[in-house]
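Heads up, there are several structures right after this.
You will see chain A twice below: alongside chain B first, and alongside chain C after that.
Take a look at the complex of A and B:
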């Protein structure tokens, strides 16, 4: 039985349909990152789970029981939201402890627990400060500490690293999963950053157009996105999309990309005759000197470094742009001009142009559909 | 060749009412060469925006000189400086369409109507706002306004292009493409540019050189490789890089022809004199304590490495693995472009090579050595 079981949830504000049938099951102890572009209703979904808003339709099950009608303070859920919401007149220590004092925990035990969680979140040295004296990052971690200290079995976190500076964000991104696992909580974690979503989640739930477009492990979301909409949200830079119309030639589907003929792997035979979007991840395109079968003739327009990679902006015949990326910043030729891009055919993605759904290639060696 | 933009001993002090003075920029001296793209990079409050506003003429200098093409400009009004700018607060004229706003910037030149139309069209295509050229600023999104404002600056012929967070509001997909195009344009036309950003990805992608600021002080002014491979001090080392450099306090132990760096409550990294050259040993001198650093991309994982550590986290981001290991009570982060298959709790071998070691003075935080060379 899932710890959180969301079925067909709907929520509108006036004429604005935010959630249009969200279904999602989350197991005990699992960390699910809720990810999507801004304005898709991630925070709304979190608030429905917390009981702050009632849903228009659909059900939320918590620990096997329907939560309908149960007020927020009876749901046993820990929360930390983006906008901190700390008590301004209380020190960080008292703010964190406030999650325990309401439960009649012994003072000595409270002090111990507050100290321990503060150490983990690296705010032990500012426990005596009031929120006004804390930086944004410290406020955010204080709010997070308050949510964690009570050992809630369900924890909802709304973009808790958003205002934290880059260096600390990297540290927290690496340390948070272990911290949350140690606490054993079931976690829903909202973020707008795909890297954070992939780094922190056991699974990533992609909220798109009011529905969960896909919920899967980070590596599957990246390598096997359900739709072009999902695929576009992951990758830095994001994937290239080229309109193609596969044709059957000598028992294999062939596509034309920027004047080059590319023979697709055997599993793609059934795409012949259809209209598709070819998705090419930048890191699956390799710049080579000479022409080669299946390599696209391009003009290298600019090379821009990006996080220990080099991003190559190229134009194909006809002027359409592609982005390729290579590991390392030093070894890439800096000169611009003509070259060829060889796509890694194992990493190719094809999306139906009408529906946006990914075409799932048949298993090689038979047995596929 | 003389510099295109030159700042000499520039200070900025604000006197907020009822509070003590804020020294936002301290004795800043830097030169921007003709055709060069320079980024001012730092966290909020580091003095980068004050600097940019002084260059543009929106703020007076408290002390010091600013020269543009060999002409002193620090007392001139913004319009008299021959500077094209795109600023967040420097908005589009609401009564004019986007097209008119961009064309207006060309008014004072002696261009034919046809030339103006062609140049507006070109720059609009570059930043992808062709479809909104006939709309009014109030009816377009923040991101579109930002691109229109950028187009208005780029369309002009000016001695200097001053850009404030030029892509701050754009969606990530567009940003990656625009960076490439913008860089190509600025380079092709040798447009001397200075821009502010808090995002090092942006700075790396566009700039020839990056001025890293903190506390109103210029920490280092160099190309991105230099900033990564030869950071001037601990601030730069732990600010630059995604993720930034791993740094550890270490005791220096000399034994025969070996130098070891012993981490407090952690492993000891030992190197023979054949690895750690004379220049580096000399830079360390008699110091008993140093700070050593290694970039995540340079931490070597796999068999044959000297040390082992327990994996605390292992995150695959689609094209790279970020692995954190427990070392000396802290995290040592390694980044690999090949997927690392190790579970949390596993003990894995890792190593640090002398050629990738950075050494800093713990008191001054200044760099002592990078790889085989003294700083």
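Take a look at the complex of A and C:
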């Protein structure tokens, strides 16, 4: 039985349909990052789990029991808010302890636990300060400590790194996985940053247009996105999309991209005659010197060096633009001008134009017609 | 920086002085009058030099007013006590009723909530004289005329809408997430209200309480109609100084000084609460 079992959840505010049937199961001890563009209702979903809002329809099961009608204080959940939501009239110590006082813990034990979690999060020296006197990073750690101190078996983190500076964000991104694993809680982590989502989550749940578009491991989300919408959200720079119409030539599907003819792998035979979007990850495009079969003739327009990689902007025949990236070990910057791009055919993604769904290639080679 | 700023500063100082004189002069004048006898006050031409006397205060505190036409008993100290009792009880009751109501109006949208809140506010629009006649008839039927309970009840017309609307605004300014966080930490709704909402709205509650206290203290017409001498506050009690042998200006001034003092002290004490900021940097703006 899943620790958190969400079934067909609906929620709207006035005329605004935020969640349109969200279903998601999260196992005990699992860290699931909830990812999606802003305004898709990630925070709303988290608040529904916490019991702050009641759902319009659908059920939320916590630890195998329906949570309907159970108020937030009875759900035994730890939660950190994006805006920290610290109690301004209490010291950091009392803020953290607030999660224990309600559970009738002995004062000595409270002091002990607060001290321990404060040490862990490196805020032991500011426990006597009020939130006003804390830096943003300290506020964020205090909020996290408050969520963690009672060892809740379900932990909801609403983009806790959103409001802290870049350096601290990196630091916390490194520390958090160990911290969360140590707590052993089931974690739902909301984020708007795809890198954070992939770095922290055992699984990533992608929330798009009020539904879970895909929930899978980070690597599979990246390599096998369920739809063009999901594929677009991951990757920096984002993937290139080219409209193609595969044709059947010599028992294999062929596509025309920027004047070049590319033979798709055998599993794609069934796409012939359809209308598709070809998704090319920038890192799967390789700039080569001479013409080669399946290589696209391009004009290299601009190069952006980013230390660990360079991002290349090229135009194909007809003026369509593509982005390619290559690991930046080169000392000599590339010259702009004509060149050829060779796509890595194993990393090719094809999406149905009408529905946006990814075409799943047949397993055995040579199937199809 | 340059001359214009000096001129500007001088002008501002002059204006401020004028304003201070405008507002404080009557108070100073009354304070001076309270130490003079009626003859000294009324002499022509008026003069700033006089021999201070405590007769006015003595008369007020002892309750015997000596006029040229003879001795008169006045219940000024009792009136002052009534004022304190009535205002304190009225504001306490209004706070007990008004603060939870303000919270409800701020946090929950329920059927007719806006209409109810506005109706309560509209009590402040109605001129007291409009409601006094029917009110006094009802009070006679209910046996509430000339009782403290009756007056405290009527004073809710003054205090309750004020507290409700001021405190409501303060509650609305508190981020609901702060309360949500406390709920999720395992605290009940009631606990959250008392431990989070009320302390955070503290300055607002203090301001509203103080303001309604002053309004209750200053009220004249309700007590004049609905209470008799032994239940009346100072505002009505001061009428006793208009005697058959003339107006006792010295005693009136002393009475004013005594009756202003409690509210003034209260305001000075509460000032630090009023100035204190509301949201103390807990929520990132």
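The rule is simple: the second predicted complex is superposed on the first by the 358 of 369 C-alpha atoms of A that agree within 3 Å, B and C clash if a C-alpha of one lies under 4 Å from a C-alpha of the other, contacts with A are read in each partner's own complex, and residues count from 1 in each chain.
The rule is short, and it goes like this: a residue touches a chain if its C-beta (ideal position, glycine included) is under 8 Å from a C-beta of that chain, and two chains touch if they have at least 3 such contacts.
Note that the structure is a prediction, hence the values are computed from the model and not measured.
After alignment on the shared chain A, the placement of chain B and chain C results in a side-by-side fit free of clashes. Angle at the C-alpha centre of chain A formed with the centres of chain B and chain C, after superposition on chain A: 80°, rounded to the nearest 10. In the superposition on chain A, A:342 contacts neither chain B nor chain C.
Looking at the shared chain after the overlay, A:44 reaches neither chain B nor chain C. Shared-chain residue A:304: touches chain B; no touch with chain C. In the superposed model, A:177 makes contact with chain B only, not with chain C. Chain A has more of its residues touched by B than by the other of chain B and chain C.
By the touch criterion defined above, A:324 lies against neither chain B nor chain C after alignment on the C-alpha atoms of chain A. Superposition on chain A places chain B within reach of chain C only down to 14 Å, the least C-alpha distance between them.
Overlaid on A, the two complexes show chain B and chain C touching no common residue of chain A.
Within the complex formed with chain A, the chain B residues making contact are 43, 172-173, 176-177, 179-181, 183-184, 200-201, 204-206, 224-225, 238-239, 242-244, 297, 312-313, 315-320, 322, 324, 331, 333, 335, 337, 344. Every residue of chain C that touches chain A in the complex is listed here, in rising order: 175, 177-178, 180-189, 191, 196, 199-200, 279-284. Across the complex, chain A meets chain B through its residues 165-167, 170-171, 173-175, 177-178, 195, 198-200, 218-219, 222-223, 232, 234-238, 281, 283, 301-302, 304-309, 311, 313, 321, 323, 325, 327-330. Touching chain C in their complex are the following residues of chain A: 47, 50-52, 71-73, 75-79, 81, 83-89, 98-99, 101-103, 130-132, 136, 139, 146, 150, 163.
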